[in-house]
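Two complexes follow with chain A in common, the first pairing it with chain B and the second with chain C.
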Partner chain A sequence: MYFRYILRRLGQTVIVLFFISILAFALIRIAPGNPARMMLPDTATEEQVHAKEMEMGLDKPLYIQYIKYIGGVLRGDLGTSASYQTSVGSIIADRFPATLLLTAATILVSLLISIPIGIIAGIRQGSMVDFLAMLFALIGQSMSTVWLAVMMIYIFSVKLNLLPALGMGGIKYLILPAITLGYPLAAQVTRMGRSGMIDVLREDYITATLAKGIPESRVYTKYAFKNALIPIVTVVGLQVGYFLGGAVVVETIFSWSGVGQLANQAVGNRDYALVQSLLLVIAAGFALVNLIVDLINAKIDPRITLE
Partner chain B sequence: MTIAFSEGLIKLDPHDQSVSTGITMNDMVFDSLYEADHEGGYTPRLATGYEVSEDGLEWTIHIREGVTFHDGEVLNADDVVCTFQRLIDTPTLNEVISYWTALSAVEKIDDYTVKLTLSEPAVAAATMGLANTVIIPNEAYETQGTALFTDQIMTGSGPWIFDEWVDGQYVHFTKNENYWNGGNDSYFDDVYIRFVAEASTAISAQITGEIDGYYNVSGIPQDLISLYGGSENLCELIPVPVSAIDYLGFQCGEGSAFHDADVRRAFSMAIDRQGIIDGLLGGGAICPGIANNKTLGYDESLNGEYYTYDPDKAKTLLESTGYKGEEITISSVSAFNNIALAICDMVNAIGFNCKAEVVEAATLADIRSTGDYDAFIVTAFHSSGDLYQFINWRVTGDAHHSDYKNEELNNLVNQSNQESDNAVRDDLFKQANAIIADECAPMVSLAQLENMQSVNYGITGVNFLGDAFCLLKDIDYDPSLEK
Partner chain C sequence: MEEKLLEIKNLRVRFVTERATADALNGVNLTIRKGESLGLVGESGAGKTTTALASLKLLPRGGQMLDGEIYFKGKDVMRMSKRELLDMRGHRISMIFQNPLTSLNPVFTVGEQIGMVLRQHKGLNKKQADEEAMRLLETVGIAGYRLNDYPNQFSGGMRQRVGIAAGIACNPELLIADEPTTALDVTIQAQILELMKRLQKEYSTSLLMITHNLGIISELCEKVAVMYAGRIIEYGTVREVFSDPRHPYTRGLLGALPKLEGDRDRLTAIPGTVANAQHLPEGCRFHPRCEHCTEECKKQQPEMVQVKEEHFVECFRGGKFDG
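This part shows the complex of A and B:
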């Protein structure tokens, strides 16, 4: 059944991606701005702009441009970037690992912080620990990422000289961007973990389990937390999909060359082929992550069926 | 040695560069035939000299002997022919559009002499082109084609050897100890240009020692200079007066409010430029017209009547025109919004009905290409310190469809493009600039910019230029300059 379900979902994803390819193709063309003009010095004449349009295939009717694009996609060719003048596939392939790495680090950081805090706050509802946990969550959800990023650099790079302010390399380069990106998510997960635990701990089966003499720690981790986990997995999954689309602000501030920075630049340059393909790849990533989330949730809670 | 640049590379093709980092890379890895001082003057680099035919159409260029590329190939006329033939064959390259639209043929005369033929006299463009077009190796280009650039081979003859470009991160160069011009005896074996879009991050990284200098193409933002506090003994802040100007372009066509020269003059006189320079730009100078003290055509004695803030006079002049309070919109990208809003306040105080509109760069390019605007604000650079490009395309060529026409101005600009004597060209540009300043058309400058840049004490040869580029080919280290 699993296999059939996955196949069906993948089939649905292909249909979604087809419509996204049309949307991406249309949206970037609706935006004002001529990509040929953006590629040339602003002193270029109309004739030179027209020559560039022909070189880029923009003089062809829109449906021809789309058929050419989608035909290429089906053959595994995402086209050529007008600004980079190289294959879009290779540009995205160069940038995507950086985004994947930052996403993984962000999720890891946020879950390592938020899950224990959320569980403890839920178990000790109304205690000082709970108050501090909610304060942590409130600040995290209210704080601007830009401000946090700048403060992280100021404190950990400039003042303490502990971590690099920019660039990519070993783990030390990951810490500041991952914490900056992960803190708001950690705040959200802490709140959800806490409320999930509070709800579950009120259930009769938990009381019954405790009455049987099963140790509290086991009840909390094995029985209660497992059920509180379902909404967390869903939220984290959505965030992973979002992070895979790149985090423009954080990537720009920390000079992290992922797809967010690339997409921002591509839109500014009206690099049609790059924008279209980035949207397609990001959407595919999002759909895949959603599928994985559904499978995990079904595994956690047998009441969830895959039909 | 790492210098942060605010702009990243997007491609390596040395003949298709549109960002300042590309120009820096070209100057390090390759050589051009001439070298610009970026204030209107030129000295030979790979060339030893040239002659121009009387009609200005044939340029015979003599090439230096004893130059080799990084791969050992000897540089001679074949390489120069290969370079210029590539430009003729690929008319959409940035290099062609900027300098070589009139180039029609290139011919080898002997091993160290080539002849360029132009379809029309274009002295200014060709002179600038000789200093900007870098020479690529014939044999490598014939074998590799554009893979010479796309595959990061990048064989040049310059003082630094290209090593690697990591998109969005850095470009790395190593020292070319066998450089034809006396070797390269820089203290540094490796130079990295790191791309850092966010100014506060670059400053923080310089303070912590991650980078050794910071070049921001628009100057380090004034409101962030205070971040250098406490690092005065490490980081030197360098104010660089540049030939770049912020200017206000007018739609002068029939039916537009700015069709009347007195409306433009009143608008210009109502602008408190010094207030904008002090309060918003953090440095700069008022320069009537478009020329300034870093360009040809600058005239200290030029009458700057319409560039002097005088709201009473502006109001009287405006009242004498037929302006009836039609709405005027100043379009600009977000970086100029504060200036646009300040101007709106100033001109509305004397009777204009002006508002500011923020648009995306691509949208601004679009509306300027159709003339669908009232006024716009942009920064423009005078490439190589020569007014020709700016004035030829933006003024007489009317690339932005201002609909301003002035035959006298056209004639002066055409003459400047046929004249090779810089003193004569300087005089022609002075006359042209005086017309622009008096007519306040099709633009009025707001300020000649002064960009703040920074490099650590002890590092020498970081060349922040008058036309707002930054060259690194002479980068070196002198410990006696450290604080």
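This part shows the complex of A and C:
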């Protein structure tokens, strides 16, 4: 059952990837102007443009051009960046680990905080703990990222001089951007954990489990939690997708040289080859994360595979 | 007289929700002795499930026990230690829940849901619990290999039998069955009743059988308690109560049936509207529907009176309606 579901989702993902590649391919060709010129720096000569036109096969039918393009992508050849004058593949490969690291740290920090808080708040609905948890969530969901980032830098770097504000290095450099990026997510997961637990604890099957003499602590952490987890996995997956696409604002403010900052620069420099490939990589990453989320959820909740 | 297993005294439970306040139980007195089987009947909302849950100290959120005492084997349930409470639940008393579609956890296998009670109370490991759970599934007529299937791979009737398998797993001293046969077809129903009879004989399990089906009660129980608006209004041996019902409500119940074997009778054939726990009448709670109602009935709560050695009724007229 689960195996068939995996196959089905894999098939769907391949189709999604296909459409993403068409989109990235079309980006350059639909935009006004000469596609070959767009792939080159502004300073390129007529000969260079002509050579590029030949290379892209612009005189050939579109499907041939697509096959050429996708063949290049599959071989890891994403073209040359106009602003960096090196291969797009190596630029992205250079930046991706930083974004991955920031994403991992962000998810870790926010889940470690929000899941226990949300669960406890749900179990103790109406208590002081619940009130504080809701306050924590409310603040996190209403604060803008820019403002939060500025406050973090002001308090922890400028005033207390505890943590570096900008750049990359050890763990120290990771803390402020991870918290800034993670707080809104933590707020959301806290709320979902809480409301999920409240709903689940009302269910007959939880009363039935308690009636079997299973200790409350185990009923909550094992038998109820698994039900409350499903929507959380979905939301966290969505966020991972966004973060992998680069958290543009946070990466830019904290001078974190990740994919988000790169995308920001690429658009600013009108570096089409880079933009095209970033679109492709980010969207593909999103589709893959989605696939993983669905597979995890299907593992948690067997009803999903039975539809 | 056999030892008292479960004794409920003057139990009052109120539900307070944002929208309303419901007086679910208004002074319930009920005793189940060792080896005895008691049928509890009453229309929807009478307080049957609430009585069962209160006995396990498992009232749902919003439920308050205003008054009363509950004793299990002489021990005050409300004062039990955590340990005693956990040992009582699932081991000494087990409960089969009313709605099979909502009472199994959808994200755990049925094997896990039967096995957990064995691991908790019998100290079995995972493998032993699985083996025992398989045997229990076979007992209730489900193939053992379906152990690792999830609840939504089963029909309603099969899920009910899974609930029954979990309920009998530890040979409880008291089995509370909350309408355990409603979703079952007649053959399976008969098998389940046979199974319960056998449990009663082999392990002298006491039974609290909550049902709308009077046929099941006459088949399975020695005693019957009739519940109305959160009180027991008639109690006695099944033979006594069914052959000579005294309370006007009970009379209506029995009169509404063509035969005792009548299948799945919802108790609706009595004139008047079902009592609403949010607006209960003063005095005898049955008086708006009672054709024998007097002025006294409207103002005062009648006391339980004994009409025969093993037959009690809560009515001012004691069931004498000649005039």
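To be clear about the criterion, the second predicted complex is superposed on the first by the 239 of 307 C-alpha atoms of A that agree within 3 Å, B and C clash if a C-alpha of one lies under 4 Å from a C-alpha of the other, contacts with A are read in each partner's own complex, and residues count from 1 in each chain.
Operating definition for what follows: a contact is a pair of C-beta atoms (placed from the backbone, for glycine too) under 8 Å apart; a residue touches a chain by one contact, two chains touch by 3 or more.
All values derive from a computational prediction rather than experimental measurement.
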{"item": "Which of chain B and chain C A:Thr45 touches, first, second, both or neither", "value": "first"}
{"item": "Contacts of A:Arg303 with chain B and chain C, given as first, second, both or neither", "value": "second"}
{"item": "Touching partner for A:Asp94 - first (chain B), second (chain C), both, neither", "value": "first"}
{"item": "Which superposed partner A:Tyr223 touches (first chain B, second chain C, both, neither)", "value": "second"}
{"item": "Broader residue contact with chain A after superposition on the shared chain, chain B or chain C", "value": "B"}
{"item": "Chain B versus chain C as contact partner of A:Val235, first or second or both or neither", "value": "neither"}
{"item": "Partner chain(s) touched by A:Ile70 [first = chain B, second = chain C, both, neither]", "value": "neither"}
{"item": "Partner chain in contact with A:Met134 - chain B first, chain C second, else both or neither", "value": "neither"}
{"item": "First, second, both or neither for A:Thr209, with chain B first and chain C second", "value": "second"}
{"item": "Complex interface listing, chain B residues touching chain A", "value": "10-11, 13, 16, 18, 91-92, 94, 97-98, 101, 150, 166-170, 194-198, 200-202, 204-205, 207-208, 210, 360-363, 365-366, 368-369, 389, 393-394, 397, 399"}
{"item": "Touch list for chain A against partner chain C, complex", "value": "201-215, 223, 226-227, 300-303, 306"}
{"item": "Complex interface listing, chain C residues touching chain A", "value": "53, 56, 58, 60-61, 82, 85-91, 94-95, 97, 99, 102-108, 113, 116-117, 120-121, 150, 152-153, 163, 166"}
{"item": "Complex contacts: residues of chain A adjacent to chain B", "value": "31-34, 37-46, 48-49, 51-52, 55, 83-86, 91, 94-95, 150, 153-154, 157-158, 161, 164-168, 252-255, 257, 261-262, 265, 268-270"}
